[in-house]
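These notes are about the structure you will find just below.
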Amino acid sequence: MIVAMQNQATDEQIQSVIERMVELGFNVHRTTGETQTILAGVGTPEHFEVTEFQVLPGVHQAYRISSPYKLAGRGFRPEGTRVTFPNGLVVGGDEVVIMAGPCSVESSDQIHLSAKQVAASGGQFLRGGAYKPRSSPYSFQGMGVEGLKLMREAADENGLLVITEVMEISQIEAMLPYIDCFQVGARNMQNFNLLRELGHVRKPVLMKRGISATIEEVLLSAEYILSGGNYDLMLCERGIRTFETATRNTMDISAIPVLKKLTHLPVLGDPSHGVGKRDLVPAMALASVAAGADGLLMEMHPNPDKAMSDGAQSLFPDQLTKLVEKLRLLAPVVDRSIASAVAKVHA
Amino acid sequence: MIVAMQNQATDEQIQSVIERMVELGFNVHRTTGETQTILAGVGTPEHFEVTEFQVLPGVHQAYRISSPYKLAGRGFRPEGTRVTFPNGLVVGGDEVVIMAGPCSVESSDQIHLSAKQVAASGGQFLRGGAYKPRSSPYSFQGMGVEGLKLMREAADENGLLVITEVMEISQIEAMLPYIDCFQVGARNMQNFNLLRELGHVRKPVLMKRGISATIEEVLLSAEYILSGGNYDLMLCERGIRTFETATRNTMDISAIPVLKKLTHLPVLGDPSHGVGKRDLVPAMALASVAAGADGLLMEMHPNPDKAMSDGAQSLFPDQLTKLVEKLRLLAPVVDRSIASAVAKVHA
Amino acid sequence: MIVAMQNQATDEQIQSVIERMVELGFNVHRTTGETQTILAGVGTPEHFEVTEFQVLPGVHQAYRISSPYKLAGRGFRPEGTRVTFPNGLVVGGDEVVIMAGPCSVESSDQIHLSAKQVAASGGQFLRGGAYKPRSSPYSFQGMGVEGLKLMREAADENGLLVITEVMEISQIEAMLPYIDCFQVGARNMQNFNLLRELGHVRKPVLMKRGISATIEEVLLSAEYILSGGNYDLMLCERGIRTFETATRNTMDISAIPVLKKLTHLPVLGDPSHGVGKRDLVPAMALASVAAGADGLLMEMHPNPDKAMSDGAQSLFPDQLTKLVEKLRLLAPVVDRSIASAVAKVHA
Amino acid sequence: MIVAMQNQATDEQIQSVIERMVELGFNVHRTTGETQTILAGVGTPEHFEVTEFQVLPGVHQAYRISSPYKLAGRGFRPEGTRVTFPNGLVVGGDEVVIMAGPCSVESSDQIHLSAKQVAASGGQFLRGGAYKPRSSPYSFQGMGVEGLKLMREAADENGLLVITEVMEISQIEAMLPYIDCFQVGARNMQNFNLLRELGHVRKPVLMKRGISATIEEVLLSAEYILSGGNYDLMLCERGIRTFETATRNTMDISAIPVLKKLTHLPVLGDPSHGVGKRDLVPAMALASVAAGADGLLMEMHPNPDKAMSDGAQSLFPDQLTKLVEKLRLLAPVVDRSIASAVAKVHA
């Protein structure tokens, strides 16, 4: 930590700040300039709040200079994390993965048809919600365990992996037999109790960025899962809340290269929630991969106009097919390739 | 719902939109202008997403005109909700209540001293966290049930009510014996499972606005609790996330009068989290009451410089005392008064 | 400036950063910790960009610790700036001033009636736009010089001062004979050429905060005017752009106490633009003064429903009257009073 | 315009709203539902503010349904605008253009070297600032006309076109002989007087999106230039202000496809200002073109570490070269190509 004192700070104030720093476990180096004194605190005490210093008498500004996260930092695993799935598929390597499917599991027919279409388009994961976090208590809330069973069945028949959202600690146990990857939704990115539990689970987790979470907060939340011992973690940019209303959210494409630099964890993009309108999804999917994404999470529905949720941002099946074709051309430009579909599964 | 078609929309497109509206349960009235057709959907189907219509071919724009919340709307209870506590204290009436105390319960001494100071300053509620949602897994996480017991004890000795945060469904049962009011933190405002459970509890709830929640989302979350049957609900503005970094958050004081107009629920202000620096708290507390707040939730610590969390935004005890004195002068200007302290308790 | 090097920074990288700091004019003090090296740059070179250092190889983070503004800082004039007008009225002293009037000057009748009503309500300034910055080229653009003449006339007849917006350097000369105070609108807060010119003018200026300007940017823009030699400068919070759409902008009430602490310049509040709806204006006006504002700038129109611009946020004349009555009661709570109206003028 | 009345609106209130609509020039169609009355206003009066209706007694909500811009709308020129430069280069066609160069013209050597490097990398435009809008009055403010002359010379020697920023009406005349394209910076996007003047100029204009401008505001500002008769207009996304501080701004890549859909004007991306750090620029440049950009505006400096402004976000010359190579591979994926460099010039 560094504390820059005010020009007019008294010796007493400076002394008092030094004492507090020492008390917390810092070694303090003092630089006395003509007008200003600077205190450099060396060492990394576990518990301290930089804001505490910002309001101490005589303090101009205080900065935390050590990173507040450890396991999530790039330095912890410079070569990058590769998350391997039961069928051998790897996320975080050279291949870019495609996760697609409807917002919600609505019926057996709907999810089976979706899985078939995702596989045909070249995707590797079937996504779909069985438990739905909805802003309104009057909206459709999901099919629950029944939905999970249907997803598993549909995915297996089409050689796909299953990714689906967990909203509650109590759901984890019930989900384990049916899924390949837990998804933590944007609204739960700071549900720390849930994150802590997922740190103890032996299944991969994809954690979405909260709608107003800073990059640093994303990595601190990742730290909750990693510090529990679960290193099979992927992050996902899905749009942040800004003043702009032309799109559902503002997809922060730059978060992809920023995160790739700061952390060893794979980073995916979710253009569906990022923009909220299906006609914008292909452009943003291409942009995500161009910017370095390790995969895409997208909504596709056999009949989006009749979807029970998020229909407006769900691709038509043939849109997905055409998009994956373009992605196959784009990936090599950034030294990647799109993961192959069913072939992989039988490996 | 109203759908404004594009100028160049075809009859087929218009017909197709009408059919979907009818299918959802709307009666459709069509206005054909020289250049543009407008479709007014009358009726209130439970399940529909206005965004679905925004992407239909030929549609210029679609608007939801019915309010998505019902029980939370002012019209449901025009006279306003008054939440009555066991000691007879009412929130939402003429009196403005003061809730104060440390961010976290840290020790028996700390919380007893805090309670004494809150009571002496004229507060009615002791606040303090026993379960702490912290951005970093390495920060202090709270004392748990032990903290709750200490709070109850300290509050009882000083004639105060207890308000504390619930983070998890599993904590509810354990908290019930010790507290007078559940607090839902900003990070859990869209933890819908938690909200639903709190709808079934017979204790008042104070729900804070999420850091990036719109007013409409606040009211939809309130609807989750109300629709479970718990009407003893209070809302709280505590700052939203904006581009400004001079303050921890940007306290949206206008949310207070806006909410008072849209809903019958009491609305409090939390200037501590709103600004994050103690020297700004008094000004924002005064502003909150001037703008119509039904109460204030504030952090105060016997020794803020040594606080284990949020020390920077915790008032010194004598700051709280002076602030309450000013609030007593201010309240009558807006036809309110500050609730009296211990007297009330013995009533 | 302080530069915290990365843990793995090489000696060569550290040396290279030191050299660049010295080249810019810093004296560099080096603190070598077990894992991290910290470089404290003492001195204040005029031209340097802290971002330049943030991307140098081996740098973890770089912080500017000297304030980028000088004349605007509180330390430059700790006792606070008092702007005195020809009639003796002082802004920035004990009295809170009221500036009110229509968004645009629309006609002789309208502005004369407005002036009469403002004076009757207890205001000291007549506001009104003669040059209007409108988002659309098809909206009403103002009456120009003719409007200025009408304002002057109307103000003089009612013992009021005139404040009106300047949009362009070329307008300054034409405006001088008619006005008492230039207003720089939010959209021009970073029109640096205009600001520089206003630094050479011998008339007070009220500069509004830009819709997305940080507090620091406000003070840097103030520095443009001050460094030209014009110290009769007042600042004004008028709402910032956030994700919330329930109000036109989000009025950042905390900017008032924050600015009062950082600068010696008077700070006013403009609740009309802050919220954009007249029924919310009184609450926000009271909140502004409770938070320490030195004055209020508000829109009032004799017939808001027929106003050519901003009708929705213009108070009815009797709303203004009632509001000023409440403000007279509120001001003493924060050790202020509302400036007296016409009496002052004849002093 | 559509006005949805409140459920409890009285006949008198409804009648009063209808009268005001008729007065403004609307034909009003009334739909009376069981609980709610809806008024559809057909026709397009030039002067009306939808906010005026939102505060009328009995009104639930009011929506503008006609687009507030006309000439900027896609429908005005469905085939898209192509801006042709003196050397035959076209922006808005199949080719993606590259504009690059230093933030500021600093010296003859620097700008000549820059031009040579831009041409060698495959760019078509030399960018560089002669007039600089700087947040601080103490920062370098540009070389003025001298800088323009140097740019022209350097560009001519290397077969490049010149684009540079205009900050003030008074600069237009002086700039005309030296430049090929005016650039309107983000801070001047709502400097309506300047825009109006540029509408009368016979040179292309590139207008950047304001830091907090909505897409609609971008198009309204474009309307100012178009309505003056200058149709050689290009737009540019360069990052918006959000809560995220990991990047200088948040580059809204989705604005590119959104604008391409809403308007016929070419849309470029400026990744340098979008992210503010050079190591992120290539990823964002690729993402921009993947998302449909018609060109890129980027900062490159022969020696970024010694740049007088924006060094941190300026590419090294060889970074630009490598980036353009990658762009050449990427463009065909989205059915585009990168404009060829000098060849074109001699055509």
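Letters are used for the chains, namely A, B, C and D, taken in the order the chains are written, and counting of residues starts over at 1 for each.
Methods note: a residue touches a chain if its C-beta (ideal position, glycine included) is under 8 Å from a C-beta of that chain, and two chains touch if they have at least 3 such contacts.
Bear in mind the structure is a predicted one, so any value in this text is a computation, not a measurement.
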Chain located farthest away, centre of chain D as origin (C-alpha): B
Pair joined by more contacting C-beta pairs (A-C or B-C): B-C
CA centroid of chain C to CA centroid of chain D, Å: 27
Geometric centre distance via CA averages, chain C-chain A, whole Å: 39
Averaged-CA centre spacing for the pair chain C and chain B, given as whole angstrom: 31
Overlap residues in chain C, where contacts from two or more other chains coincide: 212, 241-243, 245, 279
Residues of chain A that touch chain C when the two form their complex: 2, 4, 7-8, 27, 29, 31, 33-36, 38, 40, 42-44, 60-61, 63, 65-66, 75, 241-243, 245
Of chain C, residues touching chain B in the complex: 212, 214-216, 240, 242-247, 250-258, 261, 274-275, 279-280, 283-284, 286-292, 326, 329-330, 332-334
Chain C to chain D touching residues, read off their complex: 20, 46-47, 49, 51-52, 54-56, 68-69, 133-140, 167-170, 187-188, 190-193, 196, 211-212, 217, 220-221, 223-224, 227, 241, 248, 276-279, 305, 307-313
